[in-house]
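To start, I am sharing the structure in question, which I have written as structure tokens.
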């Protein structure tokens, strides 16, 4: 079980780092499009890592599948939303 | 334990920060976006208070559907932003003083009341097996305080009728929403085709699991409504005309079933809104599923608004 | 017993009949019939009493001798005025509505003499005062509505005072618990012991003072009698105003000796008596002069009540009832005369002026008339002190005022009217004139057990003659200077006070309107919501 | 300082913020938002009380939690009705202020 | 026949089922369902009141067999019986009155106004019956919301711009009120673990959590009752609403939250509020009477005048708190007087608003200045208006007189004479604004009044019938009513 715990700690902290990078990107980048880019990339990857990290802690397969489902759904929603916001920004200009 | 407390403190600060942002934002749209985020964070807070059912309801309805309504409204009201000046300074100071007084009173009471808080938890849990239920909150909603839930459904119906009554006479019986949304946005169409099937499965699962774990009729209904709204927003299907018989039927079947089952209770020893011991669970699940259907349609139509186009 | 019920039921039945349009238009011809049962009750059932069934508020109607006299005389006047009205309103388009208000006022006016318990008294009293309002706004005068509003404002104010007094009376009457349908007799009996005795007495004098037109509250009487149609004015000034008299008669604790309250009432009475004459003399419209004479006579009645309060006198009630009865007939008759004078053409002097003179000077105590008997009756009550002399002076003043009235009556311009009208008018005028002499004599002999010898003895004849002679000569002498007297505006005090009160009321109303506007702004409303919760919490915490 | 007390204070502040927002903000839409804040604060107070009443193996007393769910439903339908009313007022008058026209010139 | 206790459930569930059925049936079906519900509801109200009158004991019904504190109990005492009867009478009259305006002609496509009106009428009735009968404070919250959600669409039924704004203002202010009430419920539950009225009355002690809770709940309910400083929404809402709706709002909807306040102060937390708070409430009531009446005097439009008269007449109800607190004879008289004032005002105000509606229809406007000679044009309507006015003024033999006489006697009996003075002033001012309308109407105007529309006889008969009911209430003896005391002595006896 030790290996599982170590893997969890490593992967989850790696995920946290990616989230941090995403947030820094959000604050530093000049305009919305680049901010969007930073956000989606970092957060999706970060979430993936966190999910991977939690897999060993999970007791049943069903729970594991639920975690993966969460990740997939977030990916789907994230992608669509980014498309919409980008389209709005592209057409509307402004913030 | 202090680490968990630290996390809670961070969450509380974030929630309060968003609350002040909502009040302070210069324009309505950013405030509404802030409110949606506030709602989701509040759902986390409910989880910390170990109230799973409430967290789901808050996320689905408190921030989700309410957010949809408010965002749509803030966009339509964008041009009417700048008229009224805020009230004069003395009024604002007095407002600050009095709301601060209320906050202080509540905070004082929260801090001051020590000792074991009286609770109905054990009574609720003790009678659950009789109903064949595992989730105490659903037990309270469907059995112990069933009258409140019944009246709440009537409230939903009246709210829907209230919104429909705001239609102009010539549009009565027509289709809600200012104009038919054209399916042009590729990404949204993809989502609207992919997500609903999953959403329906999740909704049914939540309805079913509500008997034993957090979930239940309302949360399931809210997810179904969200899926229906997604399809409508993507333009794949137009909102139904309110004079359609199936709309009237779906809207009224839930409360009607609940009242009917309640009335059958008169034949039982425990009277109105009591369930026969032998078939308590299946009966409750049946009632809940019909309620879910009704709630989904009602919530969808509440968001769609009053009819503004000819049928 | 059935007479009492009939007195109320007949007019109400006729009122109900007015619902049908056809009957409504012909009702004005039958107005005189409505008062007949009242006369019957007074004549045939003076001691009767009637308890209404419990579901009807457990009311009780009962008559005793003084109220029977007042009822009989009032009914007589209502009959005469009814006959007069039948002719007077024959082609008036509004006679339907006037008939309705007439019947309502009649019911109240006759009923108030019979009421024996608090609730029915208040019910009938408010009926007579509010229904009279209807008669006023039907008057032809331009400002009928304004006069109506002034009248109803004061009437409702008087009633509010009375309601408060009755509530306190009911309280002290049943100190144990809240009883209901309390009899006036028991309530007044318990007045001696009640902690709010002075408050109750003040309210009663105030409430009935408004109805009797005592000085500060008299303002409504002159303008009302000037505005109401003649028959209505006659009935109001004669019979309806006596509701105040019966009120004082029933509610003042005449058994108790209350010298201080007695003096207050007497002084108020005499102030009204003399003030009214002062203003009356300056009036040109004969109806206004008559109205001021009513105020003066009611002042005398109040003074007599005051003396009665001071020194308890067994048959005070009877004396006052007799005096008031005479005044009812004379005042009502004179108003009818004022209506008839312009229409009687050449025969005016004999047909109208002579009987009017007899009745008018009779008020001042002309020997051989009912008035002399009335003055004789109240002499022992007023006694010989300052009250007695003031009594004689008031007779003199009344003589002065009445002579002035006769001059104004003679000066009325001729009016043309179809002669078919005259028959009924003349008949009812002569009937009331005769009654104003015959009825007091009949009452004096049979009821007051007075001796004819005493009445006709030279001493009493002279005692009642000289004030009349002096008053008349004074009025005749003053006539040339009459035109230089100051022109007092119509409502005298009310005009002076009304302007200022209206301005103050307008300002406060505007201030309240601004306050309401301010409070209904959204932020202020929510602030007051939070303020109320804070204050409530504080009040509860502080109490601990 | 248990978590429940912390959220209790958070609910108190939310109630204060909600009241202040409803009072000061002239825009009706912002008032509706503030009222939702006020509602969330009140429901959070219910949640805190439920958490304190945790017993019999449950994380919190189910009765107040059920009340909160009913409350959220009612609050949402109120928001939906208020927003629909506001949109219709805007459609009819082109303005959205709640200013009170002096009673004289009402219709 | 159904067990009397079960009637309590039917009283709430019948109109609720009516709402659901009417929405499902739609069109003409809605009116038929509503008529059936009116008949059924009246029968139920009479049956409950009859049982209470004969047995003299309060009724109670445990929902689903779950006894409080876990479950909810419905309770009917004397006060509930009075209110059930009043609601049945007034809603019945309004229903019959409104059949002419909200008719769905056969064969035509479904119209908006009729369907909405009948559904909202039954929604209001559900809310009202739940307020009269529910024994749990949270169920009462849901009942209040039911009331508000059916009242707001009634205000904006005609869709005129200012009625929409009035409805929005009413909605938002009522929302604040109900959330403050909910806050109070949370505190009470936190303190005592139950929200049942009877259990709370046994557990509650004078301590800060109860004070803050009671203060917040009272303020919230005062906002929904439009007590004086919080009446911003009432005049435009009640004046703008259609005749039948404004009659319903002024007569009953406003009273729902007041009765809840009475339940709190007298049944659920007896003797906790203390005299200072009770005097403060009555002081606000007095301010309501004075300012409301003066404002009513200054209005040019009839319906606004009647709306302000509602603000004033509501003030009288708040004399209940200082006068009917303890358990003495005068207190019982004040209790009967206060409830009689509520019932008399409900019946009289409903008749008056309907009469005003008919006048508005007939003349085409409701400016008081243009009422000269109306008495001849609409005799029956003006007569009914006058009778209702008599009850508002408190002239005998009307219900208003009985109520005011009882309140006067009680206030003098208990030595708080200042309330008596305010009642007097209120009566005078009421006479002022009533005669301001009656005088031009009764005095014959010069020009004959030309009517824009003919008013059908049955509608005039309904208005007259209701006004006569307000008069018949005056036949009640000036003694504490036995029915009103049913089920009350127990709480009062336990006063600490």
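Labels for the chains are A, B, C, D and E, by order of writing; each one numbers its residues from 1.
FYI, a residue touches a chain if its C-beta (ideal position, glycine included) is under 8 Å from a C-beta of that chain, and two chains touch if they have at least 3 such contacts.
Predicted model, so just to flag it, every value in this text is computed and none were measured.
Chains touching both subunit A and subunit C: B. Taking the definition of touch as given, a chain qualifies here only if it contacts subunit B and subunit D alike; those chains are C, E. Connectivity without subunit C: the remaining chains stay one piece (groups of touching chains, all others kept in their positions). Centroid distances built from C-alpha atoms place C farthest away from subunit B. Relative to subunit E, the most remote chain by averaged C-alpha coordinates is A. Averaging Cα coordinates per chain and for the whole protein, the chain whose average falls nearest the overall one is E. In terms of their C-alpha centroids, the spacing between subunit A and subunit D amounts to 32 Å.
Centre to centre, using the average C-alpha position, subunit D and subunit E are separated by 27 Å.
With centres defined as mean CA coordinates, subunit C is found 72 Å away from subunit B. For subunit D, the set of residues touching two or more other chains reads 15, 18-19, 22-24, 32, 45, 48-49, 52-53, 63, 67, 70, 74, 77-78, 81, 85-86, 88, 98-100, 103. Residue numbers of subunit B whose C-beta contacts span two or more other chains: 87, 91, 95, 98-99, 102, 105-106, 117-120, 124, 144-145, 148, 152, 155, 159, 162, 166. Residue positions of subunit E touching 2 or more other chains, listed in rising order: 70, 138, 142, 145, 149, 152, 156, 159, 164, 169, 176, 183, 187, 190, 193, 208, 212, 216, 232, 235, 295. Touching chain pairs in this entry, ordered by label, are A-B, B-C, B-D, B-E, C-D, C-E, D-E.
Residues 19, 22-24, 98-100, 102-103 of subunit D touch subunit C in their complex. Of all residues in subunit E, only 169, 173, 176-177, 180, 206, 208, 211-212, 214-216, 218-220, 222-223, 229-232, 235, 272-277, 280-281, 284, 290-291, 294-295, 297-298, 329-330, 333, 375, 393, 395-397, 405-406, 408-410, 412-413, 420, 424, 427-428, 431-432, 435, 439-440, 442-444, 475, 477-480 touch subunit C in the complex they form. Looking at the complex, you find that subunit C touches subunit E at residues 55-58, 94, 97, 119, 122-123, 126, 130, 134, 137-138, 144-145, 148-149, 152-153, 156-157, 160, 163-164, 167-168, 170-171, 177-181, 196, 508-509, 512-513, 515-516, 519-522, 525-526, 528-530, 532-537, 539-544. Residues 516-517, 520-523, 526-527, 530 of subunit C are the ones touching subunit D in the complex. Taken together, the subunit D residues at the contact with subunit E in this complex read 15, 18-19, 22, 28, 31-32, 35, 38-39, 42, 45-46, 48-49, 52-53, 63-64, 67, 70-71, 74, 77-78, 81-82, 85-86, 88-89, 92-93, 98, 100-101, 103-104, 106-107.
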